[in-house]
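Residue numbering begins at 1 within each chain, and the chains themselves are lettered A, B, C, D, E and F in the order written.
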Amino acid sequence: MSTAMPVCRFPLTELKDLPDDIRETILAVQEKAGFVPNVFITLARRPAEFRAFFAYHDALMLKEGGHLSKADREMIVTATSAKNACLYCVVAHGALLRIYAKQPLLADQVAVNHRKADITPRQRAMLDFAIKVCLDSAAVTEADYEELRGHGFDDEDIWDITSITAFFGMSNRIANAFSMRPNDEFYLMGRLPKAPKSAN
Amino acid sequence: MSTAMPVCRFPLTELKDLPDDIRETILAVQEKAGFVPNVFITLARRPAEFRAFFAYHDALMLKEGGHLSKADREMIVTATSAKNACLYCVVAHGALLRIYAKQPLLADQVAVNHRKADITPRQRAMLDFAIKVCLDSAAVTEADYEELRGHGFDDEDIWDITSITAFFGMSNRIANAFSMRPNDEFYLMGRLPKAPKSAN
Amino acid sequence: MSTAMPVCRFPLTELKDLPDDIRETILAVQEKAGFVPNVFITLARRPAEFRAFFAYHDALMLKEGGHLSKADREMIVTATSAKNACLYCVVAHGALLRIYAKQPLLADQVAVNHRKADITPRQRAMLDFAIKVCLDSAAVTEADYEELRGHGFDDEDIWDITSITAFFGMSNRIANAFSMRPNDEFYLMGRLPKAPKSAN
Amino acid sequence: MSTAMPVCRFPLTELKDLPDDIRETILAVQEKAGFVPNVFITLARRPAEFRAFFAYHDALMLKEGGHLSKADREMIVTATSAKNACLYCVVAHGALLRIYAKQPLLADQVAVNHRKADITPRQRAMLDFAIKVCLDSAAVTEADYEELRGHGFDDEDIWDITSITAFFGMSNRIANAFSMRPNDEFYLMGRLPKAPKSAN
Amino acid sequence: MSTAMPVCRFPLTELKDLPDDIRETILAVQEKAGFVPNVFITLARRPAEFRAFFAYHDALMLKEGGHLSKADREMIVTATSAKNACLYCVVAHGALLRIYAKQPLLADQVAVNHRKADITPRQRAMLDFAIKVCLDSAAVTEADYEELRGHGFDDEDIWDITSITAFFGMSNRIANAFSMRPNDEFYLMGRLPKAPKSAN
Amino acid sequence: MSTAMPVCRFPLTELKDLPDDIRETILAVQEKAGFVPNVFITLARRPAEFRAFFAYHDALMLKEGGHLSKADREMIVTATSAKNACLYCVVAHGALLRIYAKQPLLADQVAVNHRKADITPRQRAMLDFAIKVCLDSAAVTEADYEELRGHGFDDEDIWDITSITAFFGMSNRIANAFSMRPNDEFYLMGRLPKAPKSAN
């Protein structure tokens, strides 16, 4: 939080002035990731919104069960955030996609044109649906559900794909309108082969 | 919940099988409104998502302070939900808009074309901004903030306008993809002059 | 015509100064409807245009025979006028749709998203075609005619659907550019169960 | 009417079977123009619509007074019909534009990109407004009227520009959906210098 | 080059000041066509770009072999240039299309709406593909190649259709941004029956 | 050229079967870059097109003089290629942009939303213009030239911005329709601090 670059266009609350639970969440993230993603710092200005945002995020992204892998979920976020031209989410979730999928090229491919990405037909169908929810949700019909079922997704999976797309559509609009800046750390994450443990 | 019409395209959880806090929330809404809006019934299938969704909703829509009236907030929801062609939110929040604004024609005007609605220049600017966040958030710049400040909004108000638009953009996508049906009760709410108390 | 609200952005001709046939038409409408829809008052400024407009309107909307009910016709007008964001026609013809269809929720459904409306597959196909004529008529091909024939429409019906859509596309542009205001009376028409005759 | 090429996708009524007034109108047009434009032949199938269509057409296009020349009117039709990709109207009214403006290159310029046409700033403003009415009438505001007034148009002229655009927007949709074919004669009209009278 | 009308918005280089090879190319074109198309005069300001542009042009448009006739190639240029609203290319290549196809009406048809043009199903498929490459190349998939193969095109033909569309998409953007004016001579070319040889 | 992954959807010509000049160009690139970018291998199938393409490319990208730096040029390519959703050009030219600008984050920023990129107002204006040429060249007017002149660009610079945008618009369409794959090497180029010379 000591970087000279603006995190977003709003003044930020000092860590010490935050409610305890939020400060603890932020410190835990810093401990785990080595830095605090700017979305935490930005939303901390509004504690009630912070708590609801991350509760919803975790319910969707950390949910157990179902047929969506962590890489699938981040791929949905990356592809739809690119449609919304959200720099923060493309960069931050592209990093997570590279890490979970262990494919260093995948995030850039999915962000520019998912039709040219190194993905399976099942993932292609998943992204086609997510992009329709992102760009023209009013046109979604049962035929779209049928198409996904043909690739092995069940209705609970489709609930997940929809909700992840919708949640990050919200996040994209907030990040864009607040000029939320992705942390520099995200850009390179997952692009390099992991060094052997002793070298860390 | 005993209506023959489908609330949404997913099977619903019986009230008795819901976690206590969610059942209580639903019963309280029914007590107050006389019916349970279908968004409660739909999301109750996923308790964690239900709790986060309504916590976020309340943080934005019930927030104290700032320069947005309840009618302003519902007007933002109605106008942007119409852009996303979300039947549920246009009908449900249009009802609330009529009630809070005490203007029975306003919701239909705002949903079809806010430029022809009986609103103030300040509200027109607020809706212009909200619609930009809704349809092209990547193009929002400081000039848009300046424009709103010229109408008496401060930066915290703009945070609110943005977040309400973004939150209901999420809600619109979920309602559309899940075919969430607005309760019949909403359509007529706020259209008739309130009867004198004794007649209730 | 004595309302304080502007009917449209042009100065209006006094009833007494109108040509006899137009004054008589207007008085007959007032007699029948209980008020004069603003489109009559606006166009009366230009008698030749008034006569041609309503002659065309009646040829399409009062035409005998064919397989389009009055409710079908008003449904086409409501759905396509919403695509053109024409407040006057959505409100005025939505009212007629509610009355002819005897479905108080239908107009709002069709105006926001016809895919979620309580209509038959035949009506869905009719509206899909009308919306294509409204938004991208250059792309209409024989395949679109075939699709409609599969729902029991013949070529004369398709002529009607096309012409109604096209005529109200004209009306929408005029109403929008002239800021033609829908009469307040329209908003509530057809929303309430009809009172028993003695109560009128 | 004896050409082997289809005039439109509907069967046509024989001249002898038409109502007298319509047959006479058609014969008069043939006498004057040397051929019968296909719009007359197509609409003659529906006499009431024929009469209303041409009454409206004449009220707008043959109107006396105001500040729109015949070339201005045809220029509006050509430019907006191109936006609707209506082959019939671009070809037929492009021919009339060439003739009235005595500029053989003008119609092609206006149809492809009015910004590159050999027209005056006043005509450029007129077409900018007409194209806005054609493509996004809901966004027209008083500022658009102000802009036109700055070029010497009064409100009655703006009524005319709007109504011509709206009327041909209707005509474009009908011609497109009916596959109405422009007569071959139109393509070359007005492209060649007029031969001296004795040579006719 | 002595015309009073601006060829484009840049100052032009005198013929005598051009490199020999470019001057010779221009004189050869003038000899053959009777005039110098303005694209030669405009690009001559930048000799290296001139040489590359026409080398590419000739490689695509004068290529021997394959299943695209000269008329097919010019039809692709005319249809896609119209989508880019490029006056220069619609007028200049429309002229060539009329000449090669010996169909004086064809260019206007293709420029306004290729679906209504007097072309074969094979040409319709070719233009559908070209327009997709022009407007949404990222969405091209193997299914589009399959569709074309069903009309007798092989992969080398599809390479040609793509490259011609892409090259003239470049040319359209240059002509538009430089306000390159089509020579007056193009407008009438190919519209009249060829006079008997002795009459030339 | 020995990679197992498809370079593009066309069969490729063996290096030994290429014309001498093209083989030498390719070997020189390999010598310099350490690998052969796939655009060379793809276009080599068509020697005349290869020569013209790279002659044009070099005329625009290696041009001496003017006020566009190498980073400016690659920034134009990256931003406009993203608008065309061209994976090849975003990845390949994003790499060059990082290297020339010595800003490892810049390419991702420009590709997702140039309004949020770490660039100067002059570069922002340059990209605004380039994106207009890319997406709506028909709407470019003298006012756009004026805007750029206010940032210190002269007309020759605007020629360059236009031509680079137009040339890569061609390249984007070819790469998309041919499924041209960016070499894996590009993705990481310019993202890491350059190692000290001895370490190379």
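We take it that a contact is a pair of C-beta atoms (placed from the backbone, for glycine too) under 8 Å apart; a residue touches a chain by one contact, two chains touch by 3 or more.
Because the structure is predicted, anything quoted here is derived from the model rather than measured.
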**Message:** Validating interface symmetry: for the copies chain A and chain B, is the fraction of residue numbers used by both over half? Same or different.
**Reply:** same
**Request:** Sharing over half of the contact pairs with E-F by residue number is what counts; pick that pair out of A-E, A-B or A-C.
**Result:** A-B
**Centre-of-Cα separation between chain D and chain C, whole angstrom** = 25
**Complete:** Between chain D and chain F, the Cα-mean centres are separated in Å by 46
**Request:** Averaged over CA atoms, how far is the centre of chain B from the centre of chain C? Could you give it in whole Å?
**Result:** 29
**Message:** Quick check: what residues of chain A touch more than one other chain, meaning two or more?
**Reply:** 85-86, 113, 138, 176
**Interchain contacts (touch definition) - all pairs** = A-B, A-C, A-E, A-F, B-C, B-D, B-F, C-D, C-E, D-E, D-F, E-F
**Request:** Using the touch rule from the top, collect the residues of chain D that touch chain C in their complex.
**Result:** 9-10, 46, 48-49, 51-53, 55-56, 58-60, 63, 84-86, 133-134, 137-138, 140, 142, 145, 155, 158-159, 162-163, 165-167, 169-174, 176-178
**Message:** Can you tell me which positions in chain B touch chain C when the two form their complex?
**Reply:** 82, 85-87, 90-91, 104-105, 108-109, 111-113, 116, 176, 179, 181, 184, 187-188, 191-192
**Prompt:** So in the complex, which bits of chain A are touching chain C?
**Reply:** 138-139, 141
**Complete:** Interface with chain F, chain D side, in the complex: residues 113, 115
